[in-house]
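The first chain written gets the first letter, and so on, giving A, B, C and D; residue counts start at 1 in each chain.
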Amino acid sequence: MNDYTASEMMIVAAARMLADARVVFVGIGLPNIACNLAQRTVAPRLELIYESGVYGARPARLPLSIGDPCLVSGAVGVMPISQLLQYYLQRGLIDVGFLGAAQIDRYGNLNTTVIGDYQQPKVRLPGSGGACEIALMCRRVLIITRLSRRTFVEKLDFVTSPGFLEGGDARARLGRYGEGPAAVITDMGIFRFDRITREMFLASLYPGCTVERVQEQVSWPLRVADRLGTVAPPAEEELRILRQELDPAGRLRM
Amino acid sequence: MSKLTTMREAIAALVHDGDCVAIEGFTHLICFAAGHEIIRQRKRDLVLCRLTPDLIYDQMVAAGCARKLIFSYLGNPGVGSLHAVRRAVERGIPAPLELEEYTHFGMVARYIAGAAGLPFYPLHTFAGSDLPRVNPLIRRVENPYGSGAVYVVPPLHPDVAIIHVQRADQEGNAQIWGLLGVQVEAAFAAQHVIVVAEEIVDEAVIRADPNRTVIPALIVDAVVHEPFGAHPSYVQGYYDRDTEAYIAWDAISREPETLQQWLDEWVYGLSGRAEYVEKLGGQVWQRLKPGDAWSGRVNYGRYC
Amino acid sequence: MNDYTASEMMIVAAARMLADARVVFVGIGLPNIACNLAQRTVAPRLELIYESGVYGARPARLPLSIGDPCLVSGAVGVMPISQLLQYYLQRGLIDVGFLGAAQIDRYGNLNTTVIGDYQQPKVRLPGSGGACEIALMCRRVLIITRLSRRTFVEKLDFVTSPGFLEGGDARARLGRYGEGPAAVITDMGIFRFDRITREMFLASLYPGCTVERVQEQVSWPLRVADRLGTVAPPAEEELRILRQELDPAGRLRM
Amino acid sequence: MSKLTTMREAIAALVHDGDCVAIEGFTHLICFAAGHEIIRQRKRDLVLCRLTPDLIYDQMVAAGCARKLIFSYLGNPGVGSLHAVRRAVERGIPAPLELEEYTHFGMVARYIAGAAGLPFYPLHTFAGSDLPRVNPLIRRVENPYGSGAVYVVPPLHPDVAIIHVQRADQEGNAQIWGLLGVQVEAAFAAQHVIVVAEEIVDEAVIRADPNRTVIPALIVDAVVHEPFGAHPSYVQGYYDRDTEAYIAWDAISREPETLQQWLDEWVYGLSGRAEYVEKLGGQVWQRLKPGDAWSGRVNYGRYC
C-alpha cells in the first residue's frame, strides 16, 4: 500500500471531505483535482463553481487556470463575475471553499500577500484574488497546503484571508459570515479547530506519518487530539480515477 | 434529481397563507397559471410583490388572496387602471389593501440587495419626490468619499418567487431569452423558487449554451411544466401578448360582479391551465402565434 | 392645412424636439409614436431605449405596452432591468426622457401617484413606475400632456417625479442629476422654463390656438414669452409617416 | 456610422500618457494586441487596472509604460509569479511601481460603482483582513436598517477600457460568449471604450440575438478588427489559451535581459498583430484550434 505519493494522499483526503457538500468553490491545482475526484466518488451531485464565472462545470481536461475554456463548454451556467460573487457567494449559497496559503497561523488565518513589510516587501506574493471573500463567505473552508515551518508560522506578515482571527469568538463577532476553516489538509495529516479556542490541532495522521515529524514543520507547540485518528490510505479506485482519468500526465499528483 | 411536479402540488407545498410571494416578469413571462392556482387554493393574507402588479395581482386581490402589495407601477399597461386594486385601496372592497410603494428602480434595488445578501442598496432616485415621506423604508446614508447622502432601500426576500421561463431541465436549470426583467434578482432574493417552463428539455440543451442560463437548479425547489402558462402575458418566440385580453379586462374588472363571474368561469371553474388552454380555443392560440425569427448559433468550442 | 388633429400636432412637435438627441427613453403611447416619427425624420440615428430592458429597438408594429415582444426581436440589445437602470440611466447616458402626468405644476413637477390624500386617496393613480428616475436622470425631460385645469394645477397632491421643485436653484441643489424639464408639449402649444425662476412660460402656439384659450386650461396666471413663437403645422411627409407607417389604425392620432 | 480603425490609430487617439487604462478580461479575451501597441507607442506613466494583471501588464511594466497598478491578483495563473512586476515592486527595477490593492470582489465592486454612477458600492468582504489597513480607499458606512457597518469601495473610472470580443458590428455593438469577466462593468465605468473584435459582422447578426449583446455602440469610441488579438489568452470557440506560452513566460521574464530580448523580438520588432500572427506560425494556431461545440438556436419570433 505504499504505492502512492503524499500529494495523492492529500488529494484523496480532501476529496473525502466533500461527501456532504452540494456546491464547492474550486481553486486551481490540488483543490480542482480533489473536487473532480469527489464528484466521481463520494459526491456525485457536487457542483463546481469557479470565480471566473462558471457554475456547474464539467471540464473535459485538467485546467491550468481558473478561467480555462474547458470549464465553459458544457457548463450549466456562465455569468458575469459580479453576479457570481454577489448572488452565489455573498448570498451564502456555497457550501465549501478551498484555499491555499504561503503562511498560515494556528487560527487558520492565511497570508498570500507579502513576506516582510507590506510597503517594503521581501517577497511580493499574488495577493487575495478571491481568497478573502471565499474565506469569509463560504459556509466552511478547507485549507490545503504542505507542511513547512516557513508556512506554519507563529505570526503572519499580513492577514489576507481571515480564519478565526485571534481565536475564541473573534470571527463570530465579525458578523454573519461562514463558519470559517473546517480543516487543514496537509501532506502528513489533517488539522481541525477546537470549538472553543479555535486553535488548530492535529486530528489525524496519514499512514506512516508521526506527530514528531509534523511538529518539526510547525512553528508553534502543536496541539494533538486526545484520540488521534488515522486516515485510510487511498483506495485502489481512488488512485485509478486520479491517475487514469484526472491527471494522466502526473502534473499534480507528484 | 428531478423536481418536476404539478402546479397544484407546487403551490400547495410552497405557498402558505401570509407568505410574501413574487410572481415576477416585466410584461414578459408573467405566470398567470400560478396566480390562478393560488386563487383556486384560496391562499390568504399574502404579501404580493411585483414591479407592475398587472392583471394577475388585480385578480388575486379581487379573489381575496392579498393583504398587501409591494410595487412600483399599479396599472393595466397601455390600457388604464387596475380596478380591483383601486376598489380595495380607495374603498376597502373586498378588504383594505396595504400598499408599500417604490419606483421601478427602488423595487429593482430591493431585489438586488436581497439577491446579493446586502443590508441595503444605494441608488440616486427618489430625490425631490414625496415617496420617501410616505415610505419610511426609503432611507439615506452618507457618502464616505465626499459630501452628500445617497438614498438606500432594504433587501426584499420573498418567501417564494415564481419564475416562468422558456425552457428548463427537470432539476430546474432554466433559460430565458427576450426581456429578462428582474427574474434573476427575484429568484436569488427569494427563500424558495418555483420554475414554470414552457418546455422541459434535456440537461444537454442547457449545457450547450451556458451563457443563456439565468437560474441554476441550486436555488430551485420545484419545476412545473405548464405550456401557455403565461397567457395573457407572453413568451418570446412561443406566443404573443394577448392585448385583446388586456383591453377586455378593463370592462370585466370595472364591477365586482362581472369580475367574480370571470373568476368563476376562468379560474374556479377550471381544474388548471390545461383546461384553460383548451377553453380559450385554437383560434386564440393561432392569433397569438408569432412567425419565426431564429437567432444564429455560436461555437463554444470543444477543449479536451 | 386644417386636416390634422391636435394629437397629430403634439406628436409632430414632440418628434421635432429630438433633432439633436442620440438616445431617448421611450414611454408608451404618444412618446413612442413621436420617437418613431423622429427616427424617420429629424433624427435618423436616434436609439430607442425602453425601461423593460431593450436598447436600440426597431418595433415592426406600434406596441401597446412598454414590454411588447416586437420591441425585442431585432433590437440591438436586451438586458436585465437592473443593468439598464444602473448602467444606462443612472450612469447618465440617456439624452432625453419623455413623461406624462395626471397633474403638473408651474415648475414642471409631476404627479402620477394619487389625487387626494396619499393615505385616503380619492383616486389611486399608477404611481411612479420608472418616471421618478427618468425625471431625475435623463439629461433633459420632455413632458407631453393635454391642457386642462385639472392637470395644470397650482399645487400637486403628490410629487412623484421632480421637475424644478420650488423653482430657482432648488433642483440644482439636489445634486448631479439631469437638467430637468426642457419643455411641456401640449395640444395647444409648447411651454418652456425660465432660466432663472424655472417657472414655465408659454413659448409657442400651434396654428389657430390663442393665449386666452391656453390660460383657460391652466390654474395659475400664465406667463407668456415676450416673443411668442408659432409652431409650423405638420408637414405632409410627417403626416404621411404618422398615418401610413406608424399608426394606420389611428389609435393614437385621434 | 462606422468606427472601424486600426489598432495603431485607436491607441494613438485614445490612450495618453498618464491615463488610467483597463485592458480587462478574466483569463478569457485579454487583448494582448492592444497592450503590445501601447508598448510600441511608448506610452508612459499609465495607471493600469485589472483584476489579474497577467502577462500583459507584466510586459507593459517591464517596458516602462506604467507607474501604478490597481488590481486584486498579481500572478501568472497556474504558473507562478509575475517577475517584472515583482522586480518593480521589490527592487524598483526598472522603476518603482505603486500598488493599489483590493480583492477580486473589491475590484468588481469598484467597476460596478463606476458603471452605475454610484459614489460607493457596498460589499461584505475585507472583514478581518489587513487590506483596509493598507488601502485607505476601503471604507465603511453604517447600515441604516440595523446595527453594524458595511465595507464600501469608491467607483473606478478608467480613462479608457479595451474590450476584446468575439464579434462586433462596425459601430461597436459587441457580443461575447464564454467567460464575461467584468467587461460590461469596466466598459460602462470608463470614459472611452475601444472594442477589439475577432470578427466584424453585419448589424443584422447582432440584432438576430440581442440577448448576447454586452456592449452597445453608444459607449464605444473605436472598433478594431484584430483576429487572434488575444493570444496567448484565448477566445472561446476561436482559439485555446496557449498555456505553453504562459509557462514559457516564467523563464523569459526571470531576467530583465531575456525579457527585453523577447520584447524586441515580439513587440518592438513587429509592426502589429498581423505580423505577430504570421511569426507565431501555423503550427501554433493549429495546436490552439478547438473542436466545434455549437450552441443551439432560439426563436425570438416575428411580431408584426
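Note that in this section a residue touches a chain if its C-beta (ideal position, glycine included) is under 8 Å from a C-beta of that chain, and two chains touch if they have at least 3 such contacts.
Note that the coordinates shown come from a computational prediction; the quantities given were computed from them, not determined experimentally.
Path length between chain B and chain C in the chain contact graph, taken as the least number of steps between touching chains: 1. Centroid to centroid, with C-alpha atoms defining each point, chain B and chain D lie 37 Å apart. Computed from the mean C-alpha positions, the centre of chain A lies at a distance of 40 Å from the centre of chain B. Centroid to centroid, with C-alpha atoms defining each point, chain A and chain C lie 58 Å apart.
Each of residues 54, 68-69, 72-74, 78-79, 86, 90 in chain C touches at least two other chains. Among all residues of chain D, those that touch two or more other chains are 117-118, 123-124, 148, 177-178, 180, 184-185, 208, 211, 236, 240, 290, 293, 300-304. Across the assembly, chains come into contact as A-B, A-D, B-C, B-D, C-D. Here chain D touches chain B in the complex through residues 117-124, 139-146, 148, 150, 152, 154, 166, 177-178, 180, 205, 208-209, 211-212, 236-238, 240, 290-304, going by the rule given at the top. Touching chain C in their complex are the following residues of chain D: 1, 115-118, 173, 184-185, 188, 203, 206-208, 210-211, 213-214, 216-219, 300-304.
Every residue of chain C that touches chain D in the complex is listed here, in rising order: 22-23, 45, 47, 54-56, 58, 60-61, 68-70, 72-79, 83, 86-87, 90-93. Residue ranges of chain D in contact with chain A, taken from their complex: 26-28, 51-52, 71-75, 77-79, 81, 85-86, 89-90, 101-105, 108, 111-112, 123-131, 134, 148, 177-182, 184-185, 234, 236, 240-241, 243, 246, 290, 293.
Those residues of chain A whose C-beta lies close enough to touch chain D in the complex are 28-29, 51-54, 63-69, 72-74, 78-82, 85-86, 89-90, 109, 113, 118-119, 121-133, 136-137, 158-162, 165, 170-171, 174-175, 177.
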